[in-house]
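To start, I am sharing the structure in question, which I have written as structure tokens.
For reference, chains read A, B, C, D and E in written order, and residue numbers begin at 1 within each chain.
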Amino acid sequence: MKSLAELTELKEQAEKKLRVRKSSGKPQIIVGMDDCGIDAGAREILKKFLAEVNQRDLDVIVTQTECSGQCDQEPVVTVQLPEESKVTYGNVTAEKLEQIIEEHIVNGNILEDLKLDQ
Amino acid sequence: MACSCGNAEENQEQYLAPLYDVLAGYECKEKDLIPVLQDAQEEYGYLPQDVLQEIAKGLGVPFSQVYGVVTFYSQFHLEPRGENIIRICMGTACHVRGGDKVLDKMKEELGVDDGETTEDLKFTLESVACIGACGLAPVIMVNDNTHGLLTPEKVPEVLDQYRD
Amino acid sequence: MAGLAASFGSGAMTNSIGEVEKADTIFVTGSNTTEAHPVIASKMKKAVKNGTNLIVADPRNIGLTEAADIAVTQKPGTDIALLNGLMHVIIKEELYAEEYVEERTENFADLKEAVKEYTPEKVEEITGVAAEDVIEMARTYASVDRAAIYYAMGITQHKSGTANVFAIANLAMLTGNVGKEGTGVNPLRGQNNVQGACDLGGLPNVYPGYQSVEEPELKEKFENAWGVDELSAEAGLTVVEMINKAADGELRGLYVMGENPVLSDPDQQHVEEALEAVEFLVVQDIFLTETAEFADVVLPAACFAEKDGTFTNSERRVQFVNKAVDAPGEAMTDWQIFCELAKRMGYEMDYSSAAEIMAEIAEVTPIYGGISYDRLEDEELQWPCTDQDDPGTKFLHQGEFAHGKGIFHPVEHIAPVEAADDEYSYIMMTGRMLYHFHGGSMTRRSAAVDQHEPDAYVEINVEDAKELGIEDGDRVKVASRRGEVETYARIGSIVKPGEVFMPFHYAESPANRLTNAELDPIAKIPEYKVSAVKVEKV
Amino acid sequence: MDTITVTIDGQQVEVDQQATLLDAANKLDIEIPTLCYHPDLTLHGSCRICVVEDAESGNLLASCATPVTDGMKIKTASDKVITARKMNLELLLSDHPNDCMTCEADGACELQELVYEYGVTEPSFGLMEEQKFEVKNENPFIEFDQNKCILCGKCVRVDNEVQCSGAIDFTERGFQSKVGVPFDQDLGADHSSCVFCGQCVEMCPTGALTYKPAKGLGREYELESVQTTCPYCGVGCQIELKVKDNKIVKVGSVYQEDSPNPIGETCVKGRFAYDFVDHPERLTKPLIKKDGEFEEASWDEALDYVADKLTTITEEDGGEAVAALTSARCTNEENYLLQKFMRGVVGTNSIDHCARL
Amino acid sequence: MEQSIYRSHILICGGTGCVSSGCKEVRSSLEDELARHDLEDEIKVLETGCHGFCEKGPLIIVYPESVFYCELKPENMEKLVEEHILKGKIVEEFLYQEPVTNESVRSYKDIDFYKKQERNALANCGHIDPEEIEEYIATGGYQAIGKALTEMTPQEVIDEVKDSGLRGRGGGGFPAGLKWQFASEAEGDKKYVICNADEGDPGAFMDRSLLEGDPHRIIEGMVIAAYAIGADEGYVYVRAEYPLAIKRLRIAIEEAEEYGLLGDNLFGTDFNFDLHIKEGAGAFVCGEETALMASIEGKRGMPRPRPPFPAQKGLWGKPSNINNVETYANVPDVIQDGAETYKQVGTEGSTGTKVFALTGKINNTGLAEVPMGITMREIIYDIGGGINDGKEFKAVQIGGPSGGCLPEDKLDLTIDYDSLLEVGAMMGSGGLVVMDEDTCMVDVSRFFLDFTQSESCGKCTPCRVGTKQMLDILERITTGEGQEGDIELLEELAENIKSTSLCGLGQTAPNPVLSTLRYFRDEYEAHIYEQNCPAGACEELLGAYVIDGEACVGCTACTDACPVDAISGEAKEEHQIDEDACIACGACVEKCPVDAITQ
């Protein structure tokens, strides 16, 4: 260790790996993963979200939840940005997924057309 | 048995070989005495007289000091020990939660007293001050494994795990 | 002693025993200190605990090696080569005390030349000491502020004894380790009053205080002091010469006070023949010793506990001997016997106390000039102490050597007289052991120590023992060209293969029946330390 | 070096900054009892007999181990101090046999003296009832009764710090602690590097270590002590011959600064090889050999004979026909007289001795 | 850096407690299940140090939801992975239930045991992988060294520690900054920094947990101390009975060396520091600093008189600073956040937090880090969940064998170094043993004396012989042999041992006796004068058992249970106990379904 700056850089790198343990206050992508969701392909959606987040190096939590009662709309994905209300999207496909990330997560624009009524 | 002097020496040489390996890993100063004793006990299971003498020589420390150190620390043993070492915690937490009953049961099951080794050299029983797992009192350690929340009834069950 | 006298002008231990603990490096050679001088050995070990370096060079793995930083076992009789090797390294690596050598010594150029060829490699060849050890020893000795050398009979009891001492003196001077506290060249005296016996004229060539008998002025001084007409102007015989002359029938009378040459002198058979041959032998002792058996008259003397007087120890310190018990029967103190005898021969010697004798000693002996019983009551005095105001001398040669400049006496390796051959294939050394003393007349008659170590023995290396089929405790016969003795075998690794060792304290197995009377040409010390012997199981 | 002033029992004393409370008290000749303290050994601080009271805090301090601080006020004999010393003596007694009657150290036992001085007549915790250890006395020199040991550690320290033998050390722990040789052997046994210098015996404040050859030969207070120089090697150790009824009973240490053995060092010979003095084989009368046999003679007879014979030889062949061996074991005065006699009376310079041998 | 972002981290407690409860098996089962569901790339499993809630182990926390599962078994993993990890359903049955309310708690942050704590020293314990230096760095670790070395002079570091009011957490509570100042001022060509990790107090395990759970924090604290006093070498003296702590520490040292946080020229300065581990060999007294140093030197661990203090003449005679594990664990925060922030917590005389080991007859046993100044009642009831089995509180023993026993009326005492001393106890290393009505206070004293007596090094008279005599008297009392005058003798003896012993072990050994004599003297008197043990714990003082004929239903359970056949009686009829044959083992009492047997 040659300097404090070097240590700080190392810290920033290391912090990313620990991101999931400090989830509060961070954007979250929550994938419905109950039997209904999985049957509808949620498993692949979840994986893809994770891959995307990793690839873009986004400070975003990808997690899963049980059935929200909208089984016919599965796969259902909820996006929760800090200090904003949750937005739920239905029938998410790989294509929509990229849109959600690009528009909603990165740029903060809700995709009204994909949005499900709560 | 016809054993010429020369053979005895060679045997001795062979017997001490593991010790020489241990010594090779140290600077062999006084400060290394306790670690060397620990390693030697690991090798031999206990600390035989010849080994102690050789350690004294190797470290340039008086034999009396080596022996004094060995008998001071409860970790060191001058007699062969059982294959499995059972340490029964007698710490405060274990005491108030019935550790002595566990010890009594142990003694009964093994037929030995505190600090003794069973005749078949399977088990050595010893009570120890505190093994620092008070949350699980009463607790014992068999070798490096901790068994917690014990009752006298559970004793045979624990022992069975180490019988063959 | 002769060697030291020639180098420094005085042959005594240069420094004090208490200074052992002040040295940065202690070099012990030819002294089995733990056995022969245990109290000094303890001080050395204590010094080591406090950080002093200890170098031990001895043919045997003696007790002190355990405490040593460097311990080497040179072949018996190769000390000069080893010492020259050290000087070679010191000069080569410029570790010597240049200023000191220039200001306080003479003959450096010759020394430099002489040690030139003693490279570590060559030294290894002669001595068996690894070249790197020679270098390490040299550095450890020479690179500190205060280095002290301690030696004993292992250095002097050789044909090359004086030369050995020269080599030691050279080493000390070369590094500036003479004339300074915690340094020095320190021969350890084996008996409690060897120093005193030498100091007080127990030598054939000098009067008390090392005043030459051949110096007319001094001769005259003593003639006047003693009130006698004419003292002999020629040096007398040394002990081994006396024995030889006695054997040849040239010596008619021999007066022995408290000595036991039958046990302590080399080549026992020869000594016995000599004592047989001498016409009139008087022995004055406390026991009927092996020597006394040959006497015509035996006079019973008082022992140390039965008389008053002084001893001078190894460090030139004069100390009281005080009477604690009465002598048995009619035994008398030695000095009273001489008074009586002198009277009968027409010379009045009239002293009422030992103190009175000391007063006379002080008068005629400059180095004892300031010593008196009154002062000794409450002062510790080491000679030289020339007058009443002189506090004595803790270490010698401060600022200047006794005879001005220290003189380097370059010496060459001299092979011992005897070497191992096919018949006598082991080299035997003799020496002391802790529990007994000298001829054993005192310790063998002291129950506790004799009970602890009742038997004589010969030390044999494990490997040799295996070859000879000898086990620990077996009876063995040790023979040299001069005789043979039987004793017990002690097997171990104190001696190296090819070498054996015997203590000389046991009359029943007298080691000196085997030793060689070959003398060092200058000091006339016999070569006790190297005799070729054979060993066999009885 | 700076000095410091402290007040002990109301008296002021100025002492060196490095001094301990014990040093300061000694300077005022105020006696503080000690058992484990010895000025020549490292500090141990174990007996807790030398406690004194710090007047300000009321704390008890071990005076041997506590350095002075400026302005300190100390009480060495307050009730608190006496009570504490007494109780520590009682504790020592509770682990000590009650056999002063037959104990070799009776009269020379520091524990006994203190128990007497402090009037411990009814020890609260009793006395040792059963011997904890077997007495070790197989060697011919030292008897070691570990039951009587109070673990002051002076023997261990003198052995390791002065004699440097490393023969003994503390073994075991706690109440089971003792001083000993590895594997509980006797001194001088296989595992012992003991060389029987006897310095441990000299240091022992009780009867735990005693001289075996002196056993039963006299109480310390019956013995007369004479300081002299050891008759053996050239070191010239100062020793103390302890005598009863014209017999040397034992050899004690002399602690004398500047002597070759300032801390009372000796070796086994100096300490134990004195029996020869009254050995039955000692010569008690002059002997003259007649027809190859020795016959006892009177001094006059013997001396006349020697004088006649020497006179005859010198008259016939000159003084050079006679030689003498002086002795490295006789005194300076005797050596001087012999050479004076040979040179001045007999007329020969042939005088030598075994310095070379 | 390889693939590093997982959607979930499963932290499984790998502390000694959980290991003994089977966390290794749980982990391997968990990993099998994750593999079976092809989740290995999404879920990271890692082993942490102790959470301090050992009784409930094995424990798991699942992130990002921070769900706390406890008392897990390998066979539970199938369900856990299937339900929670895959489908996001919290598995209720594995959650922790509050002992008082019986409510399930989802997140560990909401458990009373943790909620009331203030975890600073323990902040990372249970939350990071102790064998992974980068996790420590990610939490801000080693920043304090960087700050000290590059921005502060050694004296500034010492001043900061002094200002913080940090006091030694191992026993006496000596101000750490002052200790450092002494060591810094002492002259010496070489100095040492030593960490006392010879935690030997029965009932204390906070140091072990710190070493197992966050070893880098200790290393960081030591490096800072070394810089402050000018040392270049250090030792951690750890009990050999803590193999896991030693292993983790060893890994941590290797990692720190690799990252240049130990060794030469740290942070580009000319400051060097090497750290070694020394394993203890089983001697409680080695917790005393001079004994500890003797042990490092290869000698018997016997204390020597102080002064000279280690700061002047320590290891091998060189100036040395010794602090314990928890003290060093506080140092990085002091430096990083500054003294002002640090002393916001705690009281004026005792700043910061203290870790206590809660054990005994209490519902939640484990490690609790609380601010100084908290009351005993808060610890025992709010954090510890109160006395278990519905028994009455009797006493709390605080400070290990050198501490004292405090009664009910001291429960509202605020805990700090000085208040504890006033009431005859001490902080010690922070062991807190709760005792209920069934605990005999004389027996507890005997227990502690038995411990100190057998751990006495044997050097000084009062400790070696005095504790033995005290133990003898206490044994006499607990076996009904007590005599008039014993209490007074105990008091005198205790006072003597306290005031004349050589080291802290002896000086504090009588504390349990003195404090119980102070608060529970009547129990002693009952033993001696009435031959009665009020708590019913001293077997020799208990009479034979008797059966209440009216209550007995004649079920014969007791007859079967009696090991000496002392109970007779036909089925369905009243039973009797033969008083002479009864060995008062109590086996029958446990079996009796109607509580008809009494003593």
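Just so we're on the same page, contacts are C-beta pairs under 8 Å (C-beta built on N, C-alpha and C of every residue); 3 or more make two chains touch, one makes a residue touch a chain.
Note that the structure is a prediction, hence the values are computed from the model and not measured.
Each step here moves to a touching chain, and the least such steps from chain C to chain E number 2.
Identification of common neighbours of chain D and chain E yields B.
Counting only chains that touch, the fewest steps needed to get from chain A to chain B is 2. Averaging Cα coordinates per chain and for the whole protein, the chain whose average falls nearest the overall one is B. Centroid distances from chain E, each centroid being the mean of CA atoms, peak for C. One inter-chain figure worth recording: chain C and chain D are separated by 28 Å, centre to centre, where each centre is the mean of the chain's CA atoms.
Averaging C-alpha coordinates per chain places the centre of chain A 89 Å away from that of chain D.
The mean-CA centres of chain A and chain C are about 96 angstrom from one another, to the nearest whole unit. Chain A and chain E have Cα centroids separated by 42 Å. Contacts with at least two other chains are made by residues 61, 65, 68, 72, 74 of chain B.
Residue positions of chain D touching 2 or more other chains, listed in rising order: 165, 169-170, 172-173.
Chain D meets chain E in the complex at residues 43-49, 51, 59-60, 62, 65-67, 83-84, 87-88, 91-92, 94-95, 124-125, 150-151, 153, 169-170, 172-177. If you check the complex, the residues on chain E that touch chain A are 1, 3-9, 11, 42, 63-66, 85-89, 127-128, 134-135, 137-140, 142-143, 146-147, 150, 259-261, 266-268. Listed in rising order, the residues of chain B touching chain E in the complex are 29-35, 37-38, 59, 61, 65, 68-69, 72-76, 90-93, 95-97, 128-137, 139, 144-149.
Residues 283, 300, 302, 304-305, 307, 453-462, 464-469, 489, 492-493, 496, 499-502 of chain E are the ones touching chain D in the complex. Per the touch definition, chain B reaches chain D in the complex via residues 49, 52-53, 61-68, 71-72, 74, 78.
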